[in-house]
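Per-chain numbering from 1; labels A, B, C, D and E assigned in written order.
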Amino acid sequence: MQWLNAIIQGILLGGLYALLAAGLSLMFGVMRIVNLAHGVLAMLAAYLGVVFVNNLGLPWFLALVIVVPIMAAVGYVLQWGLFNRAISKGGLAPLLVAFGLAVVLTQLLQQIFSADSRSIQIGALGTSSIQVSDTIYIGWFPLMTFVVGVLVIAGVQVFLNRAPLGRAMRATSDDPETVNLMGINNRQVYALATALAMATVGLAGMFIGTKTQFIPTYGDLVLIFAFEAVIIGGLGSLWGTLVGGIILGVAQTVGSQINPSYGLLVGNLVFLAILAFRPQGLLPKAVTT
Amino acid sequence: MSTPTETHAHATVTSHAKVKRSTRSSWAGLGIAVPVVLFMAAAPYIIDRGFQQQLVTLFSLVVLATMWNLLAGYGGMVSVGQQAYIGIGAYGLVYLADTLGLDPFLAVPLSVIIAGLLSIPISFLAFRLVGGYFAIGTWVIAEVVKQITMQVDALGAGIGLSLTSLNELSPGRRIAYVYWLSLAAVVIAVAVTYFLMRSRLGLGFTAIRDDQVAASSLGVRVTHSKRFVFVVSAMGCALAGGMIAANTLRITPDSIYSVNFSAFMIFMVIIGGIGTIEGPIVGAIVFFALQEWLSDLGTWYLIIIGVLAIVITLFLPRGLWGLISGNGRIRLFPVGYRLVNPIERFGRHPD
Amino acid sequence: GGNLDSSESSSADGGAASAAASAAAGAGAATDGTVKIGYVAPITGPLAAFGEGDQYVVDQMTSYFAANPIQAGGKSYGVEILLKDSQSDPKRAGEVAGELINTDGVDILMAHATPETTVPVTQQCEANATPCITADTPWQPWVVGSGANPGDPATALKWSYHFFWGLEDIAAVNMEVWNEVDTNKKVAALYANDSDGQAFTDEAMGYPAIVGPAGYEWNNPGLYPLGTQDFSAQINAYKQNGDEILTGIVVPPDFATFWKQAKQQGFNPKIATIGKAIEFPAAIEGLGDLAQNLATEVWWAPSYPTTSSLSGTTSQAFADQYTADTGKQWNVTLGFSESLFETAAAAVVAAGGTDKQAIANAMKTMKVDTLVGTLDWNSGPFPNVAKTPLVGGQWRATDGGQFPYDLVIVTNEHAKEQGLDVPLGGKVEPLP
Amino acid sequence: MSLLEVNGLDVHYGDFQAIYGLDLRVDEGETLAVIGANGAGKSTLLKTIAGLMRPTAGDILYEGASLTPVPSYQRVPKGISLTPEGRKIFRSLTVEENLKVGAHIKRPGPWNLQSVYEAFPLVADRRDRLGVNLSGGEQQAAAIGRALMSNPRLLLLDEVSLGLAPVVVEQIYDAIPTITGNGTTVLVVEQDVNQALKVADRVQCLLEGRTVLEGPPSSLTRDEIAAAYFGI
Amino acid sequence: MSPILEVSGLSKRFGKVVTAEDLAFSVEQGSAMGIVGPNGAGKSTLLSLITGVLPADAGTIVYDGQDITRLSAGARSEAGIARTFQIPRPFVDMTVFENAYVGAAFGGDSHGQAGYDTAAEALEITGLLHLADVPAGQLRLLDRKRLELARALATGPKLILLDEIAGGLTEKELPPLIEMIKGLHESGVTVIWIEHIVHALLEVVDQLMCLAFGKVLAIGDPHEVMRSPEVIEVYLGSTFDLGGAAS
């Protein structure tokens, strides 16, 4: 039963990882940007959550509804102001700019909010749960996180596959110059893609910022988990990212169950094993499209 | 050391291609570098210890930047996980010297070799990924190395280790010895990079960087070459790790395996100019100076460095060395091949 | 000069420069020399909460010493304080410590806040023959980290002196808290795989060796890695064992993750004593309602009946001034930051000047009354260590005060044994 | 009024000038073939008309209005469509998705998925294949179909027959009268002079960025063209 | 004369798409073979199979008496098989000479002075010597194609595979290219050349193979193959006029 509980908690955790990873996967998929600032942007969203919920006293769900569009706007502006320029330089520029952004943003957050640990208040919902058996409890908040993670992944995937704008994003990803010849403004498409990615980061930041306490540098951890989920699942596939998140979550909880000090290590070893034996990930792009 | 020129002028002019590999600026560069290194070697007799320690920090930055550039600028592999080898080098030194009682100055090369050996199996994992994902893959691998280190009680688990075996030396000697070690490390790192890039391997790399498929179809062993450079770079980073441990005397897993090392390496190479031997050196010096001047500004210091890196990436893609050298016209370390007077040689202008 | 074997580092140039600086600073008083004090603290990075008050304390001290130079050996010394940021990174801490010693030529180096800062600074002092004063790290991890053996006085350090409490004190204080609540005496242990976790869970020296004989059952499922996102394994183990007491040293993010999950999973201990995670007011605010009655060891509090050996201010006045000047709630490190300067000044006085060897020698037998209590290096558990009194506290909602939660002192027996009578602010209450 | 009028166009790549004071005009419904040796500036001309490059001097008038301030993606809604040199098929999209992206701007007209498939069986057979896996010629055919999907008023074709099997070249040139029959104006760049002469109403020959010969095919002799080609 | 290349039973499929099915043919040492076929017939794929860029599903490739089916691309290159790409892929940041020297130093395994000589010679043959120190990125199309050839040549190949090297060249630019390939052929190198510009092909090759749907449709004397009705139907089209284009 303990093992079953570990697996259940791992799956729920996986939903959070998938949610964290969705934006990363999307930005790489569309713009080939490995957004090293992903984690700290999630922290930005979390701090916004603190401001709205803790400081201004807004209800949690209302804050969510405000933070997500703000993050989308941040994404839009970042893309126009920074990443579009970097992309036009080619080569390593986007990676490096993202890296610089990560460092700058982390320090700015610390300057503004100090290094004190914060957490977004959600009241009783944060600690209530459904008791399934003696050993198995399913927390409402983790469950909600999981459901949102799945919905976000599914929504973004369907959007990319079916919607004309989604298709335009994929085309832009292949050849940003040539889409202009189809009447598509590549910079605009990029900006919208980043806005969408940051909207998911907004969600992710709200959820992780509520689940735990954070400081500006907590973003590093977020980034690593997100990356592992993306790679375990397979590059460029959002469903893969979901599967990757769940596998990572389960590996960590089961690892902890073996010995608490193995949790993260087992997650990482699973990641390396995937790399060694199935480098294309579990659900690589070609299978899903 | 062989001279940087190989001018072939034997036999008849018409049957032999004359290839020149040095430039006037490279002779000037050699003319400057040799006295500078000799002068630097005498530094412990001239400058105070604090300055020596600072120079050791600077030298470790130069080695790191040079190695990151070797990997990314020449090998096209953007790694965010070189801290794995920095850590291995540092832990290797402290463990071999303090726990096993080896001479610290023997422990350094030994741990460099250990890092090189470990990097071989690691390369098989990392090479499964390309581009940005290679970057993060290496980062995760570094995290794993850290977590494994933290499981080993002999390495101090989560606490880390202190290097005490150097305390037997007087502070003046200890600092001077570490200084000389570091100076040697810089010379080795730069020289290895330079001669690698002048060799056939370097030629292959330049080709791989431009077009991997075409290179492999011409017989360049892409994976072999990359692995070779990966290992060399790991060894260089381990060397820097040893320098850092010898200089700061205390290592903890979170610190020595910190991803900040990668941040700094990237910043230095970008600021200086990627894909050149001079750039990382310039970048390391600038970065070091910035760190010295700005570190009292608290958080603002990293904000300024980060903004600077972004601006340079966007507006000065060849970095400061590109600016200094007139976009590559001055090359202190030339690696190219110039055909001397091709028209004269074959006596006609085709078509 | 760069002479390889000279025992002094930089020559007179450092002294001349700082004399000029202190002359400028020391408005009224004319001085015969300057004491250069280097101070390494985490101002930025993940540990920055510990260093939050440092700039404030340094400013206070700078103006204090400007008006009141140190009188030692018949001379008067101005004080120049060089505060350097460790960026929460041991490597950087070592680097700046080396610079402070060898470039800036400080006479005394100080550091505080976690082994990540104090140990590398100590290392540099030992290697560079410079007196060192550190605090805010339980003494065992500090001694072990610095390469000495707590059980063997012969391994004593030559240059470094530390003041803080130890594992035995926190265990004693925590047991005082536990004793006030009716439990089955089963203790759930939550520790990370870091310096503190390793030291506190050590079978021979740590908690198990202390609480076991006192009748408590110690249940440690294992050390978890920092950043763990799921604690269901631990929670399960605690529940299965029926633990009613929780204790641990945990960083804030991990504790918040754990504590929320514990509530979700139905683990409701009767009392919890937690180190690190709930030391600082901001982390408590982050926990919201979940913070009520969480207990922690209190290193120093405004209610300490102590006064500064320098300025004569009481702890209460010092804390009130801090809140008035910065708008921030007091925290446990403040008294220690101040006490470091008290100690440094006392050492210079005892040494009769700024000779490094003399200072180090003086520290060996020094005794000084500070804001954090009486520091006595003659009676420490290890030659380089002086212990400070420790009390137990619980966080309570303030019901509309300036700050939402207050750290209330609830046990003081152990401190009394240590020779300091800290008034109680309330009684131990079980968790809601 | 001409549909397209190029006046005194200069185009540079950095310091290098590729086009010198070029004048060119295409009337509605006309097919103009631009020929010339390698590096004559043909592709540069088309890229400039499509807006991928900015002229350094001169102007391009389309429907009488200047195109200079119009970014490339806004030229598509106006009816300008280019099949670029090198095909530029979207690699991770299927052939059908490539065509749909071509129709991102929905101008009314005869071209849709069905009619493109009918005109190009080569494309129809490979509708579910990913762009990356197409052979050279398949890409070329798909790229032409993609350009048609926006129902352009002015179709710019660069090196249409490059890499195509003779039988496909034939299909495509057979399709051009149908395309122009629907009212589309075609500006075609072609290295195969014979093909160009067959379909074009007018031929303009470039040499090193300047016009050296111009006129209807019937008025030009092979020798004239050969001379113009290499500036002999 | 003995065959330098013998292919038998060679098959390759991508999912449902068959690009090579039981292909069998041989190429004589020192001869020149042309390959034509409709788009998507599997011509480029065949080159990739021969050079080892793609692994074969089944069949054997014997080169110079040695079974190379399992050898890596690098090993095949070292054994003397060189290729050019349909779209030129120069090393843009290297000079023309360095480009050629890469071929000599790796594929040809001759470095130092011998390699310099080989590279310079390859540049001379392809008429690029005067551009030796120009960065390859600055070359125009024809010169890029020349460079493709020069690089391949510098590896000292016994067998050279050309993929649509004449594509995009105007009629007037073709003769020099054809002369170049002829020269190469005459110097003893075996040539396999894929081209849709059939008349250019016919000037050089002494054997022609037409592929369609991954199978050999016709192989043999070039003019006979061109006259075969199947080839006309699937490849040339009814109105194709050889004479006109070649004039």
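We take it that contacts are C-beta pairs under 8 Å (C-beta built on N, C-alpha and C of every residue); 3 or more make two chains touch, one makes a residue touch a chain.
The shown structure was predicted, so the numbers you read here are calculated from the model rather than taken from an experiment.
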item: Smallest number of contact steps required from chain D to reach chain E; value: 1
item: Computed distance of Cα centres, chain D from chain A, in Å; value: 43
item: Centre-of-Cα separation between chain D and chain C, whole angstrom; value: 76
item: Cα-centroid distance, chain B relative to chain D, in whole angstrom; value: 50
item: Two or more partner chains touched - positions in chain A; value: 107, 110, 261, 264-265
item: Pairwise chain contacts under the document criterion; value: A-B, A-C, A-D, B-C, B-E, D-E
item: In the complex with chain D, residue positions of chain A that touch it; value: 164, 167-168, 170-171, 173-175, 177-186, 236, 285, 289
item: Residues of chain B that touch chain C when the two form their complex; value: 43-54, 57, 147, 150, 157-160, 162-164, 166-167, 170-176, 244, 247-252, 254-256, 258, 260, 295-296, 298-299, 302
item: Residues of chain C that touch chain A when the two form their complex; value: 44-49, 52, 193, 221-225, 227-234, 236, 239-240, 252-257, 260-261, 263-266, 277, 280, 282-283, 285-290
item: Chain B partner contacts - residues on chain A that touch it in the complex; value: 28, 32-34, 36, 82, 85-86, 89, 91-93, 95-97, 99-104, 106-108, 110-111, 220, 224, 227-228, 230-231, 235, 261, 264-265, 268-269, 271-272, 275-276, 279
item: Residue numbers on chain A that touch chain C, as the complex places them; value: 2, 5-6, 9-10, 13, 16, 54, 107, 110, 114-119, 121, 123, 126-129, 131, 135, 137, 139-142, 211-215, 217-218, 221, 225, 249, 252-253, 256-257, 259-261, 263-265
